[in-house]
Amino acid sequence: MNSLELLFQAPILSVQLLIDGILIGSIFALAAYGMALVWGVMNMINVAQGEFVMLGGYVALYAAQAGLHPFLGIPAAAAVLFILGWLLYRVVIFRVVDKDLFISLLATFGLSILIQQLANEVFGADVRTLYSGLGTIVLLGGQVTVSEIKLVGFAATLILGACLLLFLKKSRLGQAIRATAQNARAARILGIDTDRVYATTFALNAAICGAAGALVVMTWIVHPYLGLAYTVRSFMIVVVAGLGNLGAVVAAGLGLGAAENFAGFLLGAEYQAAFVFSLLVVILVYRNYRLGRHRKYLK
Amino acid sequence: MTESVRKLLPILAIGALALVAPYVLPDYRIQLALLWIMILFALTWDIMGGQMGYNSFGNILFFGLGMYVCAVVQRDAGLSYYPGLFAGLAAAAVLPVVVAAVLGSGLLGLRGHYFAIGTLGLGIAAGEIASGWDYIGAGSGMVTPLYPGEIGARQTFFYFASFVLATVTFLALRRIYSGRFGLAVNAIRDDEDKAEAMGLHTTRYKTVAWSVSAFFLGMAGGLVGNLNGFIDPRDVAFAGATYGVFMVLMAILGGKGTLWGPVIGATIFHITQEVFWTYLLGWQRVALGLLIVVIVVFFPQGILGWAKARYPERFGIRVEAAAEDADGR
Amino acid sequence: MSHIKSLATAVATAATIGLLASGSASAKVEGDKIILGAAVSITGKYSTNGKNTKDGYDLAVKRINEKGGVTVAGKAYQLDIIYYDDESTPARGAQLAERLINQDGVKFVLGPYSSGLTKAIAPVTEKYGVPMVEGNGADRGLFEQGYKYIFAVLSTSDQYLTEALNLAAEQATAAGKDPKSLKVAIAIENDNFSQDVRAGVVDDIKRHGMQLLIDDKLPPELNDMAATLTKVRAVNPDILIVSAHAKGPALAIRQMKDMQVNVPMLAMTHCDSAKIIENFGKDSEYSVCASQWDRALSYKDNVMGSAEDYAKDFEKEFGYAPPYQAAESTAAVLVFADAFARAGDFDPAKVRDALAATDMQTFYGNVKFDATGKNTAKPMVLYQVQGGEFKVVAPSKWASAKVIYPAPGWSER
């Protein structure tokens, strides 16, 4: 049966796909917050973003094994990853922050391989999962199901987004971060310790990813090679949404999740990833065309 | 010994080494052949990234395309081995160029990191599409025809083929860099807007540069597909996360924007990788990640860049005392 | 400019030295030891099963050596294995095979983990006339190339889920329904091995005359099956088949519960790799799983004992229960040992002929190769998770429980 026909015959399926897509997209949006932050403030594209998510998942896993309630895994993962992010900045990242964006891209790429492989050695390549104890909401007579943990993820995205926004607007450090993003040199002249700002930003990014990772392991599974999918999607979301606008990041994230889900349904799961990457290329080209330089000749 | 002969000596030495290598080290023929391919990777990347300033993460697209095109021609054209291989390689050279020209019109308008990521997306998308398309074997990949000849002959043949291709690439690039093309491409790197304002048709040059990469990469793909004997869409053909990024790293390691930099970088990188693989069983990928971080963080100017800065006189660069930066940098 | 060239020459020389340093000298194959070569996935996406494979090989070598080794033409030899990491990529695997054979002088090869890697290595071992006995490459494509030097102890991929479909057909008939009315949905990973499983499943579906409603190829970086499962819920098949290495069962069970997707029979591969009972507890109940081997089967041999003996031995040695990947690896070594003894010689061609004439029972199952190298004497086993344990439900000769079909819906559990 053709998937498209199926969609028309049972429009209720679209509802399910949409809901699922949005909920899935919200976790991508979470990863994207951090990516946008680091890119905007430090002018760096963090290719190891997905690896932070993956590590957050493992932290939550081990925290639960140590007896913590699964939900406490979220702040636990955020805390551990915050520290890790700070350490990484102090050891490696600070050296590439003021260099070419391309150099930082490669450096974080190297980091991502390092982390991935270390995770494989230390945790093993096994697929693991964590039970949150939550159930499923069934709507419309069984036609539409909403997984409660996914709703928690969605809520977390919104809450964390709001918190982040408040932090950036109201707190001193937040303002320092925004100032540095606008003009690092001027900020330094005005007395802001940009090095500390960068460290905090990077650590914050890692923390947000860690929280996302905890949600991921409770919703799906975790394994050492999880990361790339999140890196790519968070990048795409940021490209579409632009750097300054957190609300746009959420919208883009939800949109991407929904688009991907529909694509997986209509085109078959094997083309889902191809769709995502092709979409990336298309978006970039289109965006460039809109912003474009147009060759004009003086006659 | 005359000056010109003395200059040629190192080249001849390398050439001699290259010619006898497969006989002196017969067990390493595949690794040696791959060494030449790596050199080609770094050289072709450098056209875009080093000379032109357009960091492409998607050059692997042309490599994979060439690989598949060659294999499909070999499978479907109904020719015997050598004519089939030849036809395949010819197709593998042409199709990627066409693709480069077509895609170039859209993608080459992107600047800086957008271009980098756009091309990365391209490379990965190609891998995903290839693994869904049944005509070329989908996820199971394809197998290239068996080499006619005795045991071991295949490796020797493809070693020399790779060596020849890499050398031709090197010489071709040397020729075009020394002409107007090289100047134009460098101008684009240094300041594209000014170049454009001066009347340089930048889009045309960018497309040509990318097409040149595509040309050689496509043929390299055809060779590697036959060297390995099989094609896997993600791990072999469109190996974006490995070869796709390695080509960038090798050029940077050696010193981008130079002719010999990529060659040196590729050699060192490839050897180091093989050494890691042999001696660090299980940890070689970790070591690789570490190596990448080290190269990028501590050696962004590459070996040649570092050498030029340290010993500028040896490279024919004159350093005036007054020209030194006040910071001492 | 000339200085760059000198630098380049220096690098080239260093390169040669480096290359020489990066390999070992040719190893002697004989002496007192028979040296086998193996490429296993120590890193990369197959590393878990790669470890299972290596542990399986190691245990076999240990026990055989303890029991006096292999007697060939009156002399006793010990076994040893040279390992390389193929990084779970076929390209490395092929290079490895060349290295093992050319540099290390290995004349007998043990197979890698996964069909993709076995497919990459097979042409090499075939070219050099080096017999390979493998226990982890089930791809039936391997046996359609006319290779003479490859021998597989495991059941091939196309047989993996045959029993599941047979069972479903039986159950349908017993309930008075026509098997042809059964609807099947497939979600199978887009890689070598899994697609061969799919080919076998599709053939079986045709054979029974069932209807194939969904045929999804899952991407290897699969993180979410929601789109496929939405389709499944819409279409309501009787059987859902999932094959995606270790991630398949994990995601399937997890998300089917989340999305409350009810299917009378969920048939999967790699359930034990995914440790579904450990990870999912009650939610894994009623899942039907294909397996090459089970410790409850009554096979035995005089090196490992019975299947249960082997399992206990393995657990003691490595601290975890042996999945079938380990068992079939051990069996591969046993087959080699048996062939060496029967050949009475180390000439690869003679060993190859001895292998072709193998007819033995191991704790893993009966081994008898057909002309293409497939093991035709060992059927696949089907489990169902019942009461928190894997119970063998098919083939009936060894079944220890009756299958529960249809599985109750999520809300009824």
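The first chain written gets the first letter, and so on, giving A, B and C; residue counts start at 1 in each chain.
The rule is short, and it goes like this: a residue touches a chain if its C-beta (ideal position, glycine included) is under 8 Å from a C-beta of that chain, and two chains touch if they have at least 3 such contacts.
Keep in mind that what you see is a predicted model, and the values were worked out from it rather than measured.
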(request) Please identify which chain has its centre, taken as the mean of its CA atoms, farthest from the centre of subunit A. (result) C
(message) Between B-C and A-C, which chain pair shares more contacting C-beta pairs?
(response) B-C
(message) For subunit A versus subunit B, what separation do you get between their C-alpha means, in angstrom?
(response) 32
(request) Mind checking the centre-to-centre distance between subunit A and subunit C? Centres are C-alpha means, answer in whole Å. (result) 36
(request) Could you list the positions in subunit C whose residues touch two or more of the other chains? (result) 43-44, 190, 217, 219
(request) Give me the residues of subunit B that touch two or more other chains. (result) 128, 131-132, 138-139, 282, 285
(request) Give the residues of subunit A that touch two or more other chains, as numbers and ranges in rising order. (result) 117, 120-121, 228, 268, 270, 273
(message) Using the touch definition from the top, list the residues of subunit A that touch subunit C in their complex.
(response) 1, 3, 6, 10, 13, 16-17, 20-21, 24, 117, 120-121, 124-129, 136, 138, 142, 145, 147, 149-150, 219-221, 223, 225-226, 228-229, 261-265, 268-270, 272-273
(message) Give the list of subunit C residues in touch with subunit B in this complex.
(response) 1-9, 11-16, 18-24, 42-44, 83-85, 87, 89-92, 94-95, 98-99, 102-103, 116, 119-120, 123-124, 127-128, 141, 189-192, 194-196, 217, 219-220
(request) Using the touch rule from the top, collect the residues of subunit A that touch subunit B in their complex. (result) 45, 92, 95-96, 99-103, 105-107, 109-118, 120-121, 228, 232, 235, 239, 268, 270-271, 273-274, 277-278, 280-281, 284-285, 287-289, 292-293, 295
(request) Quick one: which bits of subunit B touch subunit C in the complex? Just the residue numbers, please. (result) 6-7, 10-11, 13-14, 17, 21, 25-28, 30-32, 35, 128, 131-132, 138-141, 146, 151, 155, 228-230, 232, 234-236, 258-260, 263-264, 267-268, 271-272, 274-275, 277-279, 281-282, 284-285, 304, 307, 314-316
(request) Could you please specify the touching residues of subunit C with respect to subunit A in the complex? (result) 43-48, 187, 190, 213, 216-219, 221-228, 230-231, 233-235, 246-247, 250-251, 254-255, 257-260, 274-275, 279-280
